[in-house]
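Dropping the structures in below, format is structure tokens.
What follows is a pair of complexes built around chain A, which joins chain B in one and chain C in the other.
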Partner chain A sequence: MRRKILVNVVGVLLAFLLGALVLLIQGYNPLEVYFRLFQYSLAPGKIAYTLSNSVPLVLTGLSASVAFASGAINLGQPGQLLIGGLLATVGGLYLHLPPLLMIPALLILSMIGGALWSGVAAVFKYWFNMSEFITTLMLNMIADYFTYWAITYPFFEKNATYPQTPLISKGGWMPEWGNFNSSILVMLLAFLVIWFIVNRATAGYEWRISGQNSLFSRLGGVNISKNYMMVMLLTGALAGLAGGMVVTAGPHRFIKDIGANYAWDGVMIAMVANTDIILTLVYGIFFGILQTGAVGMELITAVPKELIQVLQAVIVLIVVSGRVYFETLFTKLEARRKLKEMVS
Partner chain B sequence: MSIIIGMINGMITSATPILLAALGGSLTYYAGIFNIAMEGMMLSGAFFAVLGSYYFHSWPIGILFAILGALGMALVFILFAVVLKMDEFITGIGLNLFALGLTTYLLQVVFDVRGMFSSPEIVPVPNIDIPLIENIPVIGDILSGQNLIVYLALIATIAVNYLDFKTRFGLRLRAAGYNRTSLDTSGVSANRVRVWSLILCALLCGLAGAFLSLGVITGFTKGMSAGKGWISLAAVILVSGNPTGIALISLLFGFTDGLGLFMQRSLPSQFTSMVPYVATLVALFFYSIRLKKRQTV
Partner chain C sequence: MDDIIEMNRIVKIFPPALVALDDVSVTFRKGEIHAIVGENGAGKSTLMKILYGMQPADSGEIIYDGEKVKFSDPGEAILAGIGMVHQEIILVPQYTVWENVVLGIEPVNFLDHLDVKKARHQVKEKIEEFHFNLDPDAKVEDISVAARQKVEILKLLFRNVSILIMDEPTSVLTPQEIPQLFEELKRLRDSGDTILFISHHLEEVLELSDRITVLRKGKKVDTIQADEATKTGLAQMMVGREVIFESIRKAQQAGEVVFEICGVNYTDPNKRPRLTDINIKVRASEIVGIAGVEGNGQLELVNVIMGLIEPTSGSIIAQGEDITREPIIEKRKRVAFVSQDRANMSACIPAKITENVIMTHHRLGKRFTKWGGRVLDSKQSALFTNEVREQFDVQMTSGEAVFKSLSGGNQQKVILGRELLLEAPFILLDQPTRGLDVGSIEYVHRQIMDMRAQQRGMLLISADLEELFRLCDRLVVMHRGRVVAELVTEETNVTEVGYLMLEGASYEA
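== the complex of A and B ==
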């Protein structure tokens, strides 16, 4: 446990050090840049805002973590997020219910949207044995163009200069108390549910075992295809929920490029967290802090906020490789110690 | 007639970047590397091509920079996947996102723009007219006057085919993928062969990137590789790395792209843009059906 924390902290610090080097070369003061970054996202009045920014990151991260841990290479989070967001938007445009019914309805719609899109890939795999790794990637591009079409033609807001839908009805807006957006509660709830399924439920155990050793789990009586189907649908629903959150807690409409890079960031979060559910939450919030702070950093120090995108990728590469490196190092040391004991 | 010529030329144009990247993927496929970093290498190549061409007002330097840019990505891949033995899949995904982040960051730092950069000072890669052939009607319009990189892609197809199957390096390359331990025990470092395959892959992906930003369009757009690296990966998998097969399948993808443009008269452009990705799904479908049949027989 302590070793795990050490690898993560050292990895992140190393990445920041590399970033500082780049900043120094460009003639910025790295200490000031980093200070502004965290000051902007962690100021007392800002924390709730930062947390709500990490909602889509955590949700897509959970989606990728569960998928990867279960051996389903679902890389379709970007597409699932978009379709989920679109379905929630369409529901928000045509349904007019009191908020108590409206919000759950939209959230369920967004999950259905995401599950529908991952379901396509799952069915491809189930019936035709087509690798979900490439089909989900292709479905991402198709979802991208499909939603672009949907907001340009059927659900286009008249007189708008940018492809976007009209606002969804007020009842579907996620309530906000001051800076605190209720989407954070949805995120925490999703986290608890997923943590419980993965760590305490039979289904989660079967998923993880299938991910680690498919043959072993099949011999143990696990229904591989049924579990695969469930994992794909669940992870699609999670990514779809992220899309629903982005719409109902954000601009309350579907705007082109609303998915930003959330879903790919989610994939990175799952990789850097080594598909650990708690670490996924931690890294999701951490990436949220970085992305929120990036805006402040750019405002004050003029360092482009895209720096954070680079930093995130560097963090992933360094932490993951560090983990691999340390693991082999520790096993080597262990082996040497045992050898010495045997000799003496 | 001119419509057909236009479609064929469109097919060649959209096939070229996929072909080049997939040829690179073929080399790493034979070397037994699960290389999904073509997307990132291509994107990096496209950016540095514009950088080189813009600052030195010369397209050869643009191409050189493109190759160096893709090579930089390959070196990162080598560092993490080969030296530090990190999972190739995670390295690839990380690298692709690193390339996306880096190019958007540099776009902002170097050119001070967001989203896209275009300038009349960027010198594009020229089209080449072949004497004599250019005068033949119809055929001349297709065989001659293509972009230089299109011809390079053609040469690359032949070269990679030769390299894979007719040279000692090719034999070692395939051995590294087939059984790396036996290659290692025969005194040839499998890792060295793998590194070389990645370097050659970067060279080809760099060319593909240069074609995107100095060939078809002159300028760089954020994330302009738009899944072409993934399509080329699908192409490699579909034909199990065979360079000739890759050339044919790239042309097929190019054809669907041209078909999409053709359909734009009756369909919204968003749907016609989906065509190459749908075509990849369809191709994968037939591939897996064929695989299934072979397994049951």
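== the complex of A and C ==
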């Protein structure tokens, strides 16, 4: 446990150090840049806003973490997010219910949308033994252009100059209290449910063991294909929920490229968190802090906000490689200690 | 005779803390066949790999021909005249014998192209020089395993290696091919080469070698002259105490049939028949052994029983019910299973010990779950892990530790605990003692006998005849996917079963 924290903290610090080097070469003052970055996202009035920005990151991160830990290579979060968002939008355009019914209805619709999209990949695997690695990636592109078509023709807002739908009915807007958007509560709830399923439920146990050794689980009596189907549907639903959140907590309509910034970050977060559910939450929020702060950093110090994407990638690379490196380092140190014991 | 290699005080630790070699010193003389013997994990291969530059030693030195040497890779060792033939043979199957031999050091003509004539001629000369019965133009994929092994040796001789390390060379050979290999090795020795020979077959070692070094658990026991050694003496040195090669069964009446394989046939996707008309019955309190050289259908039989592959025809019947096409979880109510492949079939190595212990129980045992089976009861998992630890004498820190952290013997105890506590009336044991040390083997054998006393029926697949004779009531011999003999253990002997395993036909004394 302590080792795990050490690897992550050291990895992140190293990444910031590398980033500072880049900034120095470019003639910026790294200390000021970093200060502005965190000042913008962590100022007292800003924290709630930053947290709501991390909602889609955490949800797609959870989707990828659960999938990877269970041995299902679901890389379709971008597509599932879009379809989920689209379905929630369509529901929001045609349903007119009081908020207490409307919001759950839209969230469920978004999850159905995501699950539908990942379900296609799961069925392809079941019938034709096609790897979800390929099919989910292909389905991303289809989802991309399908939603583009949907907001350009059937659900197009008449007077708009940019491809987007009209606003969804007010009852479907996620309530906001000052800066605090209730989508944060949905994110925390999803986190708790997923943590419980993965770490306490019978299904989660079977998923994790199958992810590590599928033959052993099969011989132990685990129904591998049923579990695979469940994992694909659940992780699709999570990514779909992220799409629903983006629409109902954000612009309240489906705008072109609405999810472009989030879904791949989910895969990155799952990798850097090593599919650990708690770490997924931590990194999801941390990346949210970075991305939110990037805007402020650009405003004040004129450092382009793209620097943050580089920083994120460097964090992933350093932490992931560091994990393996530290492991071998520790075992080697132990071996050396043993050698000394024997020789003396 | 002169000492040519001295290995002094070699220590090797595999991280984190596995001591593979503990202060081992050996000398090898010029022109001798020197056998290195020991059980699995005694450190034989590691010692030779260090000499050959495949692995660095953590401490100690090697003196070769009067000079201190340290090879950082096998290429350097070969240049210095030390070569190693591994158990698995690594050749290009599509190339001819001579092409394989010259590969990497091809003679070239003035255009810097391969000089085919010269290369082929050189290889042919070498073959004649050492009286190897090999055709230089044969393709490697067309020749026998024994001939391929010869090509490996030739490759090294062609590089002027004068010290030849052979890692269990007979393990890939048929009994008929072994004497020829031995002839060739002796001829090489007589021409002044040194041969270091890893083995755990005592008879071979006694027949072939001049001197023998015995390793036990990473330590050198002794180096002795082969003509002063005996088989029982060597066995005692290897395992550290007297070895009993006898049955430990007590008389017990077998009960009714608990498990039955009925007319099972299996043809693999390449249309090759792997199992032909297999019929085996197992009664309660009975241990039926399956004897056979590995690769004669045992793997397929296990997979059919466990439901990993579907038989082409025939059925598997447990307690009178046909379970051939039942889901695996249904089979597991009646069949416990200990696999020979711990890492892939019997355990999830990176998971916690507890998570390994509750597999299958979590579905079959009501106590392990709550909320209608949806949620695991972690208290019960911990309690059960403790039961396994106590009943099966597992050395471990906590159930929360990863399974990987256990030693091989303790891993097998955990697996046995899980499977035997399933309380299935039938247990399939596929080489349950493979890769274990002697103490653990004894432990596993005692557990198996306990299960017999508790009315369980067992099918024991083993490559080890001593184990089979020690435990089994009846023996079934498999050869090329068929049952070629069914014998009562008391009425047969090792020679007969060994003959049936190799030849398949019945034995005429």
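Everything below uses one rule, namely that the second predicted complex is superposed on the first by the 334 of 344 C-alpha atoms of A that agree within 3 Å, B and C clash if a C-alpha of one lies under 4 Å from a C-alpha of the other, contacts with A are read in each partner's own complex, and residues count from 1 in each chain.
We take it that contacts are C-beta pairs under 8 Å (C-beta built on N, C-alpha and C of every residue); 3 or more make two chains touch, one makes a residue touch a chain.
In this text, all values refer to a predicted model and were calculated from it rather than measured experimentally.
Bringing the complexes onto one copy of chain A puts chain B beside chain C with no clash. Legend: residue contacts after superposition of the two complexes on their common chain; A:216 is shown touching chain C, with no touch to chain B.
In the overlay built on the shared chain, the residue A:175 is in contact with neither chain B nor chain C.
When the shared chain is aligned, chain B and chain C each come close enough to touch A:328. Centres of mass aside, this uses C-alpha centres: at chain A, the angle toward chain B and chain C in the superposed model is 70 degrees, to the nearest 10. In the superposed model, A:153 makes contact with chain B only, not with chain C. Of the two partner chains placed by the overlay, only chain B lies in contact with A:304; chain C stays clear of it. Here chain B and chain C are compared by how many residues of chain A each touches, and B touches more.
Contact with chain C, but none with chain B, is seen for A:208 once the two complexes are overlaid on the shared chain. Using the contact criterion defined above for the overlaid structures, shared-chain residue A:104 touches neither chain B nor chain C, since it reaches no partner. Once the two complexes are laid over each other on the shared chain, residue contacts for A:268 go to chain B alone; chain C is not touched. Following the chain A superposition, chain B and chain C show a smallest Cα-Cα distance of 5 angstrom. Once the two complexes are overlaid on chain A, the chain A residues touched by chain B in the first and by chain C in the second are 328. Every residue of chain A that touches chain B in the complex is listed here, in rising order: 26, 73, 75, 124, 128-131, 134-135, 137-142, 145-146, 148-149, 152-153, 261, 264, 267-268, 271, 304, 306-314, 316-317, 320-321, 324-325, 328. Of all the residues in chain C, the ones that touch chain A in their complex are 11, 13-17, 19, 22-23, 58-59, 306, 308, 327-329, 331-332, 337, 339, 344-351, 355, 358-360, 362-364, 369, 373-376, 378.
Interface of chain A with chain C (complex): residues 200-203, 205, 208-209, 212-213, 215-223, 328, 330-332, 334-335, 338-339, 342-343. Listing the residues of chain B that touch chain A in their complex gives 76, 80, 84-87, 89-91, 93-95, 97-98, 100-102, 104-105, 107-109, 226-227, 230, 233-234, 237, 268, 270-271, 273-274, 277-278, 280-281, 284-285, 288-289, 291-292.
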